[in-house]
Amino acid sequence: MRPSGRQPNQMRAVTLERGIAPKAEGSCLVCFGSTRVLVTATVEQGVPSWRRGQGLGWVTAEYGMLPRATDTRTRREAAQGKQSGRTQEIQRLIGRSMRAVVDMAALGENQIILDCDVLEADGGTRTASITGAYVALADAITWLKARGLTKGEPLRDSVAAVSCGIFRGTPVLDLDYPEDSEADTDANFVMTGSGRFVEIQGTAEQTPFSRAELETLMALAEAGIGELTALQKAALNPA
Amino acid sequence: MRPSGRQPNQMRAVTLERGIAPKAEGSCLVCFGSTRVLVTATVEQGVPSWRRGQGLGWVTAEYGMLPRATDTRTRREAAQGKQSGRTQEIQRLIGRSMRAVVDMAALGENQIILDCDVLEADGGTRTASITGAYVALADAITWLKARGLTKGEPLRDSVAAVSCGIFRGTPVLDLDYPEDSEADTDANFVMTGSGRFVEIQGTAEQTPFSRAELETLMALAEAGIGELTALQKAALNPA
Amino acid sequence: MRPSGRQPNQMRAVTLERGIAPKAEGSCLVCFGSTRVLVTATVEQGVPSWRRGQGLGWVTAEYGMLPRATDTRTRREAAQGKQSGRTQEIQRLIGRSMRAVVDMAALGENQIILDCDVLEADGGTRTASITGAYVALADAITWLKARGLTKGEPLRDSVAAVSCGIFRGTPVLDLDYPEDSEADTDANFVMTGSGRFVEIQGTAEQTPFSRAELETLMALAEAGIGELTALQKAALNPA
Amino acid sequence: MRPSGRQPNQMRAVTLERGIAPKAEGSCLVCFGSTRVLVTATVEQGVPSWRRGQGLGWVTAEYGMLPRATDTRTRREAAQGKQSGRTQEIQRLIGRSMRAVVDMAALGENQIILDCDVLEADGGTRTASITGAYVALADAITWLKARGLTKGEPLRDSVAAVSCGIFRGTPVLDLDYPEDSEADTDANFVMTGSGRFVEIQGTAEQTPFSRAELETLMALAEAGIGELTALQKAALNPA
Amino acid sequence: MRPSGRQPNQMRAVTLERGIAPKAEGSCLVCFGSTRVLVTATVEQGVPSWRRGQGLGWVTAEYGMLPRATDTRTRREAAQGKQSGRTQEIQRLIGRSMRAVVDMAALGENQIILDCDVLEADGGTRTASITGAYVALADAITWLKARGLTKGEPLRDSVAAVSCGIFRGTPVLDLDYPEDSEADTDANFVMTGSGRFVEIQGTAEQTPFSRAELETLMALAEAGIGELTALQKAALNPA
Amino acid sequence: MRPSGRQPNQMRAVTLERGIAPKAEGSCLVCFGSTRVLVTATVEQGVPSWRRGQGLGWVTAEYGMLPRATDTRTRREAAQGKQSGRTQEIQRLIGRSMRAVVDMAALGENQIILDCDVLEADGGTRTASITGAYVALADAITWLKARGLTKGEPLRDSVAAVSCGIFRGTPVLDLDYPEDSEADTDANFVMTGSGRFVEIQGTAEQTPFSRAELETLMALAEAGIGELTALQKAALNPA
């Protein structure tokens, strides 16, 4: 039924490759099927001026897409002179998701910037970005801890994200682009490794959805996040 | 328990004043307590170029805030030369919410622009905007129908929005600014008059929330949307 | 003869409603007929960096128009990414007009920002803005004085503004939009309560005007300003 | 009494050199003392899109200042990415002044752009620009007429501009920079060769001015404009 | 003598991996040592409006750098709202270099856009970009030819680029970042496979260079380009 | 053979007029035939923030073109809101060329800004700008030395620039606009008075050039720079 032949509750193949950007304090190439995002984590000592003097850290994110990540070329935002509303929405979501699992007092007055650049886009770039950004964030925090620059453990939990939607009447997990562009309802779930919600964003493109449908999507998402959490753990603690 | 003395499931006083902007094809001054938003609906014959020739209409929204809608002055976006990410996120949400209840084929190649300008901000400006925008939209569609410019009834349902959150451990309905700035979890629900979901956006500011908590918020929202739907009907069909 | 049926020397109904924006240190909803402008005065302690260390205050203004203040929708300047030349010209005029009646040494190193946002535009938005801004300014100064933040009385005089023009050959006072868009000559006068000129801007749209015509317009303006000054006094000193 | 030793009613030496920019259809280097402005008039066949199909021409102006026209370097507007409010105000004034003496039907669907670039600034750059722009405009119109591209005579009158002000209590003509930066009142007059007003802009920097003072300034301006008109005639019709 | 231990005339290891971006009509991941650039070639039917109707094609390029391609994070140009002068200079150079080997009449009214995005920067990003862009361009042209969209062979020659410089007094080939940041003279050579020059850009950072030194650099470059040309051929015609 | 009738190795008439901008610390009107550029040198005490505290000076340049310097009007960059890639490329080149002959330690923490504004463009505006900028720079340094603000002699050499190209198969010196727009190869040479190279930029517009052709162009350039150096000396040391 799904164009890819997947089962409704089946995710795409997900891989998390650490250390892909050797200059960064943390990095991860995350793939959800053919969606590929290169995430780097940059550690900067000090925080933005509005945050100074409180002893608290800051975590933020930026998102971009290479022009030919998409089937037809997308205009380069740097050449257009501004970031689109969609880009800003996504990078704000990534930033909030990361901050939800960081103890800012333990981080101390350090800033971590997650840069998520989409090399290839086939649906789910924001959920892949969040899932990969956690891995890069964890490595950046390890880097800080190794240098004695934190006050205790800044990471309170892990965080990952997945999308679900109603495609041709059936609730399915981890929409790819052909599904996403046709789905009636599209929802993104950001959850912690311990199974709590950080963000939930559900949108009806055409037909509003019922509470029962939302419940079904949530159950799919919980299972998917469980898988992603296991993959994150495996990537960060290789055998 | 709530700073305003309201019950957990009690909304602020909500008023919807139609016709406040006499030059517009539809308009509404919507108040959720002291949050006040002036919404106008502009009808333009024709649609943007990317939409032309399909026989379909378009509905979009823009959002702004007067500099002194807030306790301390907010810089004017026109003077800064760009709209913030928050502004773009909100206006995209309003536009999607309106489109979810409009039959674009029945609207025909006409465009309706909803302008939501916040005169005073005390929390919930996006939910008030959506609730008021529906009223202005309905009047603009009546204007079009009276001139024979539609093909049948473009309005498929009504739409309204409300926020809920967990404030000092208690789930509450319709957060005002003092609650919003302190709440652990903040969720916005956009629902149709028939009780289906158009958008759900839940965010954990600090502490991720459980599925049970989300269920409680949904129940609060459903009740709140019911009240708003009744107020919208009363405003559009005065005795 | 005038589209509105007014006498040549007759102003529109003018109202000045103080305190309309409860969060601001001063505010005024000013109406010249159906032209309606919401003015807020914001007090900020400290002055811009180029002004610091001289013991002098600063007063400035910003102007905007809601998109549907006009008969057809005007594009939002924040969405266009810049303020038009007309907007900048008007806000510079409002700022200069206010500064002409303020003793900057008495104001001390405080800044007052007047935000003039046009809710409905029917001609004369700049003169209405100036007339209302004075009322908001006066309240903001009262607010400062009540807190002992000034050095003596910063207000040296009152200030108001009115337009005059030659409409179908006849000099008339306080042009509304139908007159303004057709008038040969359009002049704006900014005057103090004591009858002196702060600004005079006369423009011939088509036919240059003679000195005699200008004299006639001045006489009309002096009478109009007298009425506005009385209304300002009444608004600030209610019985 | 004046820093330059001039009489109150004495203008600076004014020169108008035509043809200074050989590529342009009209050009003029205008000097008011050491204020020097290079004006070019560009003829473009066709008018902006909003003006098309009415059989009417259009005249507009742009203004700029070389960075080192001033005593200390002024930042280049192209490098800053926008034109200042002052620049826009001035170029709008120049454009309106030129349009006031052009018969747009006779001009036909042609556009003339006046570019006024200040090489050296010593006060009065806008009045010098207007005075020189008229000469460049007249040459551009001659160019059009020689090619049979007009319908009759587009020039209805000449136009020139001069400033006056109250300097240390005395009304004086044609303020230079030392006077301008100190004057209480500064007024710019744009008048036709036949002695009618196109624009009058009077501003009180500190002390509002009386009607009597304004009358005195007008008389000074009328005399000054008379001199400038004679110089324009001589430049355009050399012996 | 060189920080990397290379001989003066020794290039870094260069690899050219085709087809890295499956959605693009041509693509190449080019590595000069640890400098890595992802190049995609996009084919668009039609040319920019200024080029239309001449039967000629167009080739252009854009360049960007991921924020953490560098040792410390570089601000994202899309977030800053403009491309730097350096970026524009480089992308103009890449575009000119490609156009020098394309027969625009044979290409027909098609446009090819080369996007060069630096994943990791260790000196020589512009020369690597040009060298890789040729490979992506060749594949895009093959794609066009396979669809019968060209008029004969658009590729007239191959093109590659390399830098040379005088490092601590010795002329060396293919500067890496430690060398580049210290070199007295830095020159970029763009040459065809047949050994002719397309671009030569030599710059003395501190000490101007003699003609003899330039000759030495040219000889180094000719040898380096020979190696790159062989690698390009091997990549495009794998055994 | 050349449209101007010049010999292949013949430069246009070159003039260098010092002191043309009386407010600037140095200035020069440079003409290469009918190409005319007004250069001013501004001295500012202090250096940009990234340069502070090292005891070193800084020299930079900006470039602009009056709208009607060209045969058809070029849009004003200030009105467009950004500098073109071409403008940035040229001003970066001028800045680098000047810095190559300045001893920054001797200059001390002073900044010199060269503004090059093209009054009329007939090819070679960048080479004329560099040649004239050196004269303005030298006068600005004399100004600094006269005030005891340098540490020894900051000028290490003179610098000038000229273009060469292959026009209809013949190598020629100092291309004018008709030649430049048709030439196959265009090269700009920046050289010191002592005959060393500061910059060399050669570009093949259509046909790549051979090393032999480049050698011929270099020889032409060396002769041309010799003439320009003599003119600079004569301008700075008038008999």
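We call the chains A, B, C, D, E and F, going by the order they appear; numbering starts again at 1 in every chain.
Criterion: a residue touches a chain if its C-beta (ideal position, glycine included) is under 8 Å from a C-beta of that chain, and two chains touch if they have at least 3 such contacts.
Computed from a predicted structure; not experimentally measured.
Asker: What rotation angle takes the CA atoms of chain D onto those of chain F? Round to the nearest 5 degrees.
Answerer: Rotation angle, to the nearest 5: 180 degrees.
Asker: Give a one-word verdict, same or different, on whether chain E and chain F use largely identical residue numbers at their interface, taking over half shared as same.
Answerer: Mostly same residues: over half of the interface numbers shared.
Asker: Thinking of A-B, which of E-F, D-F or B-C forms a repeat of its interface, with over half the contact pairs identical?
Answerer: When the contact pairs of A-B are compared with those in E-F, D-F or B-C, E-F matches.
Asker: So how far apart, in whole Å, are chain A and chain C when each is placed at the average of its C-alpha atoms?
Answerer: The separation of the two C-alpha centroids amounts to 51 Å.
Asker: When the C-alpha atoms of chain C and chain D are each averaged to a single point, how far apart are the two points in Å?
Answerer: Here the centre of chain D sits 28 Å away from the centre of chain C.
Asker: Would you mind pulling out the distance in Å between where the CA atoms of chain C average out and where those of chain E do?
Answerer: Distance between chain centres, rounded to whole Å: 59 Å.
Asker: Quick check on chain C: which residues sit in contact with 2+ other chains?
Answerer: Counting only residues that touch two or more other chains, chain C contributes 81-82.
Asker: Quick one: do these chains touch in a line, a ring, a star, all-to-all (complete), or other?
Answerer: Here the contact pattern is a ring, one closed loop where every chain has two partners.
Asker: What order results when the ring of chains is traversed from chain B, passing next through chain C?
Answerer: If we begin at chain B and move toward chain C, the chains come in the order B, C, D, F, E, A.
Asker: Quick check on the complex: what are the chain B residues that touch chain A?
Answerer: Against chain A, the touching part of chain B is residues 82, 85-86, 88-89, 91-92, 96, 100, 157, 187, 191-192, 194, 196-204, 206, 208-211, 214, 218, 222.
Asker: In the complex formed with chain D, which residues of chain F make contact?
Answerer: Spelled out, the residues of chain F in touch with chain D are 21-24, 27, 34, 38, 40, 42, 44, 62, 64, 66-71, 73, 76-79, 81-83, 87, 113, 115, 117, 119-120.
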